[in-house]
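Multiple structures follow.
Note that chain A is present in both complexes that follow, paired respectively with chain B and with chain C.
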Partner chain A sequence: MDNLQLVISGLANGCVYGLIALGFVLIYKATEAVNFAQGDMMMLGAFVTIGLTNAEYMGLPFWVAVPISLGLMAGFGVLLDRLLIRRMFGESQTSVVILTIALGFVIRFVAGLIWGHEPQTLQNPLAGKDIRFGGLVLGLEDVAVITVTVLLTLSLYLFFARTKLGLAMQAASQNQLAAYYMGIPVKRVQGLIWGLAGMVACVAGILFAAKGAVDPSSGLLGIKAFAAAVIGGFGSLPGALAGGLIVGVIEPFASRYIAAGYSQIAPYALVLLVLILRPHGLFSQIRLKKV
Partner chain B sequence: MRIVFKTSYLQDIRPWKDGYQLSLYLILLACALAAPLLLDDFYLGELTNVLIWAIAGMGLMVLTGHTGQASLGHAAFLAIGCYANIILLEQGLPFLLAFPLAGLITGVLGVIIAIPALRMHGIYLAIATLALSVLMDDIIVLSEPLTGGVAGKFAPPVRVFGIEIDRWGTPRAFYWLVLAVVVIVTLGYINLLRAPLGRSFIAVRDSEVSAQAMGVHIARTKVMSFFLSCAVTGLAGALMGLFAGAFNNETFSVVISILLLMMIVIGGLGSIHGAFFGAIVIGFLPQFLSISKEWVGALIGGNTVAIPGLETGVFGLILIFFVLFEPMGIYGRWLKIRTWFELFPFYRRDMFKRQKSYLKTERLR
Partner chain C sequence: MSDPILSVRNVESYYGPIMAIRGVSIDVTPGRIVTILGANGAGKTTLMKTISGVMDPEKGAITFEGDEIQGREPHKIVERGIVHVPEGREVFPLLTVEENLTLGAYTRHDKAQIDRDRDLVFSYFPILAERRLAEAGTLSGGQQQMLAIGRGLMGGPRLMLLDEPSLGLSPRLVQEIFEILARLNREQNMTIVLVEQNAAAALDLADDGYVMEVGRIVMSGTAQELSASDDIRNFYLGVQEEGARANRRWKRRKTWR
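Entry: the complex of A and B
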């Protein structure tokens, strides 16, 4: 029963990692670049929601604040694309990586200026309630986190596989020039993807802030989400979620069964191991380079 | 515009273009040698710091700027070099032996890490090295008997040719020691770039496939690049440890790794000058910020307040502007300005334009 409890709490944590990883994958799938600032966008989404909801700031009702902050973060993503990422069109992958790392620093700095460096929690209607299920005690937040994540991943997966826009996004990532010739508005598609990634980051942020405290350096959680994305292989949405869940479940087990000090290195050691054994991720989608 | 006539074949691979250029660098070296006599101890310390960062920058530049392998984990190698140096010194080895050995150990460890990293490309390598940098913090804590764990270690004063060198006691001697290392590393780097090995680094960076077709052994080249890069970074780490005096597991955090990469991007990827320009920016930015904060505070009549994270925030902002508007960094801008003057009035805006490449994935779906 103890182990089951660990699994549940690990799953809830893993869902947050999975959602950040989902943001990586979305942007990677559409633009073949990795957004190192995704963790910081998650943190920003959490703080925007806190700023709208919490009594000491604006004090809006929770269910009003959530759509507003989702919209704001989507707008932020589109704005980022307009102002920064679009200018990088045709530059190398590494420059985009460096740009997003710098962006992460700036976001962290600005969030620290506005909301301070104290950890804060989101005041939400689910806080402190739990469901008893046999001998199991489930926090209502944990249940909500898992449900929302699974639903979001499923709908994003269907969006990419079934809708015209989703297919256009995939085409734009596979060959920008060819997609452009086929009449896909590549630039607008890229903007939409960044908006979507902002929204996913906001969902992750809300769930993260509802479960525990968030402060400006929470964005560094993104490094663990890299582990998730790498394990899942950067190109697949369900893979990212699976990777997040694996990392999330490993963590509590490692801290319980492995000596203190060794336990927190488990996720990073896992990344290194996966990359050494399978250099392109567990579900690799790359074959030999053709000239 | 000066025109250099070629009178011998050796001129093509000579490290300097002509006597004029050589004399400029000799004057710079003379200024650097005379700096302790002109500056007070505080600014001399800052200058030493800049030089140490420049060594670390050159270490990363070999790997990222000239071989094209982005590493987000070089703070780990700084840490290895720093600890190796101090541990060897504590074993009673003289500094002149412990210091190169520290570099060698770091280089060998770098090769061990490089062997699995050879199969990774681009972002996967960046993520793996990032994970390594995060792990290094915990590894230092776990190997406490060797490294002192969270409590850290203190750097003893070192003796070179019977002269005691200490960061606080004899800052001038320490500066000259660092300067000597800088000169040796820089000369080695310049020579590397005109040797077959350095040329093959650049070939691997520009296109692995074409390099292979021209007979470059990709794996061996990358391993050599990792070895040289890590060894030089280890030397910088050893000096950094002596400079800081005390250090523990948090001194070489993942943020240092990222700063190091950002530094060489701001300076200009793929040039030795870039490492120095980047080091100047990263070394003097905190001073500049604190002075300008005081100035603004005096102007608006308020007292100065501490803003946490200001340095990294401003640094990130500077970097964004560079990536967007001057991807070739400070050195690239300097080249453009110099060309403008040399060719006046024939400079054209698109002379340094780079070809854009549109994205084509190798993924199957």
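Entry: the complex of A and C
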């Protein structure tokens, strides 16, 4: 029973990692760049929502604030692409990576200036409630986190598989040049992907801040999410989510059964293992081009 | 002769500081197949990219059906009716055949017409209908080439730019694909610009031809005229000369130099 409890709280944590990893993968697939500010965008999304919702700030109703912050973060993603990333077009990937790392710092400090460095919790309708299920006590928030993540992943999956825009996004990531030849406006599509990544980061942020407390350095969680993305094969959406869940579930078990100090290593040890045994990740989508 | 559907006038394109095409002019008559011959690096692909808007020319004008289209965004040019089937096929490997075709029609919105065109593509390439749910990356090279052409057709073009459709294919497949191109030209009245290294096959299929060397057009004419020309026979078709002069082939100069 204890173990089941650990699994569920691990899954809830893992969902947040998975959503951040999803953001990594979205942008990596579409633009071949790694956005190391993804974790900080998650944190920013959390603080934007806190700023709109919490009584000490604007005090808007939760269900009004959420769509607004989703919209704001989507806009932030699009703007980021338009103003910064697109200008780096043709530069080496390293420059883009360094740009996003720097961007992460900027977001962290700006968030600290606006909302302070104290941990804060998002005031939400589910706070503090729990469901009892046999001998199991589940935080309603944990359940909500898992549900939202599953729904979001499902709708992203359907969006990519069924809509023309989703297909075009996949196409632009698989073969940018051919996408141009087909008349797909690649730059606009990439801007939209940044918007989507901003929105996914915002959802992750909302879930994170509803479950626990967020402070400006929470964005560093992005590192764990990056590990999750690597485990999932960096390029596959379901892989990213699965990677996140794996990391999330391993953590509580490691801290329970392995001596403190070593337990924090567990997720990264797993990354090493995966990289050695399955260098393309657990759910890779790598296929050779035929001549 | 009717007015050209496409006319390229004195176009110059650069890769950074390197001038890849140096003042190229070609005319394409509607309903005809025009081939552009030339060795590697002659600028054929650059010319195609410049027409389809993937590259912008520094100078010159490109007129399609009376409109100047040089320097426009590629998706505007696809909407305008020119589709570029790139060298090396460039299918979307992880998408299915059907999804690849759907994306070929990305710029179009008339669903009924798109469905008709999909059926048309399947009628020309039955193998694609058979494998419509397979991921494009799992197709053979020839099937991928067919998919690339079919995906191009889905854009509803009036002019198709085909870059090296024979690349890496067996002679039998090349013949099969060229026969389909001939049928498309005849039955759909599709105007085609064909870039080829396989000069014999290309001249056989085409109505007109141009020869490019180091960024310039050095020769033009109908396909028959080109096939009959000594230079083309020697340097592109690999026909051996008879008699004493054959031994001195290394001394021969192309007459346009």
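Everything below uses one rule, namely that the second predicted complex is superposed on the first by the 285 of 291 C-alpha atoms of A that agree within 3 Å, B and C clash if a C-alpha of one lies under 4 Å from a C-alpha of the other, contacts with A are read in each partner's own complex, and residues count from 1 in each chain.
Here, a contact is a pair of C-beta atoms (placed from the backbone, for glycine too) under 8 Å apart; a residue touches a chain by one contact, two chains touch by 3 or more.
Small disclaimer: the values here were computed from a predicted structure and weren't measured.
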item	value
Which of chain B and chain C A:L103 touches, first, second, both or neither	first
Which partner, chain B or chain C, touches more chain A residues	B
First, second, both or neither for A:I184, with chain B first and chain C second	second
Partner chain in contact with A:N175 - chain B first, chain C second, else both or neither	both
Touching partner for A:Q93 - first (chain B), second (chain C), both, neither	first
Partner chain in contact with A:K164 - chain B first, chain C second, else both or neither	second
Doubly contacted residues of chain A, that is, touched by chain B and again by chain C	170, 174-175, 177, 285, 287, 289-291
Complex interface listing, chain A residues touching chain B	31-32, 34, 84, 87-95, 97-99, 101-106, 108-110, 112-113, 117, 170, 173-177, 216, 223, 226-227, 230, 234-235, 261-262, 264-265, 268-269, 271-272, 275-276, 279-281, 285-287, 289-291
Chain A residues touching chain C - in the complex, by the definition given at the top	164, 167-168, 170-171, 174-175, 177-185, 285, 287-291
List of chain B residues in touch with chain A within their complex	70, 116, 119-124, 126-128, 130-132, 134-135, 138-139, 141-142, 209, 254, 258, 261-262, 265, 307-310, 312-317, 319-320, 323-324, 327, 356-365
Contact footprint of chain A on chain C as seen in their complex	52, 54, 73-75, 77-79, 83-86, 90-95, 99, 102-104, 106-107, 135, 137-141, 144, 151, 155, 168
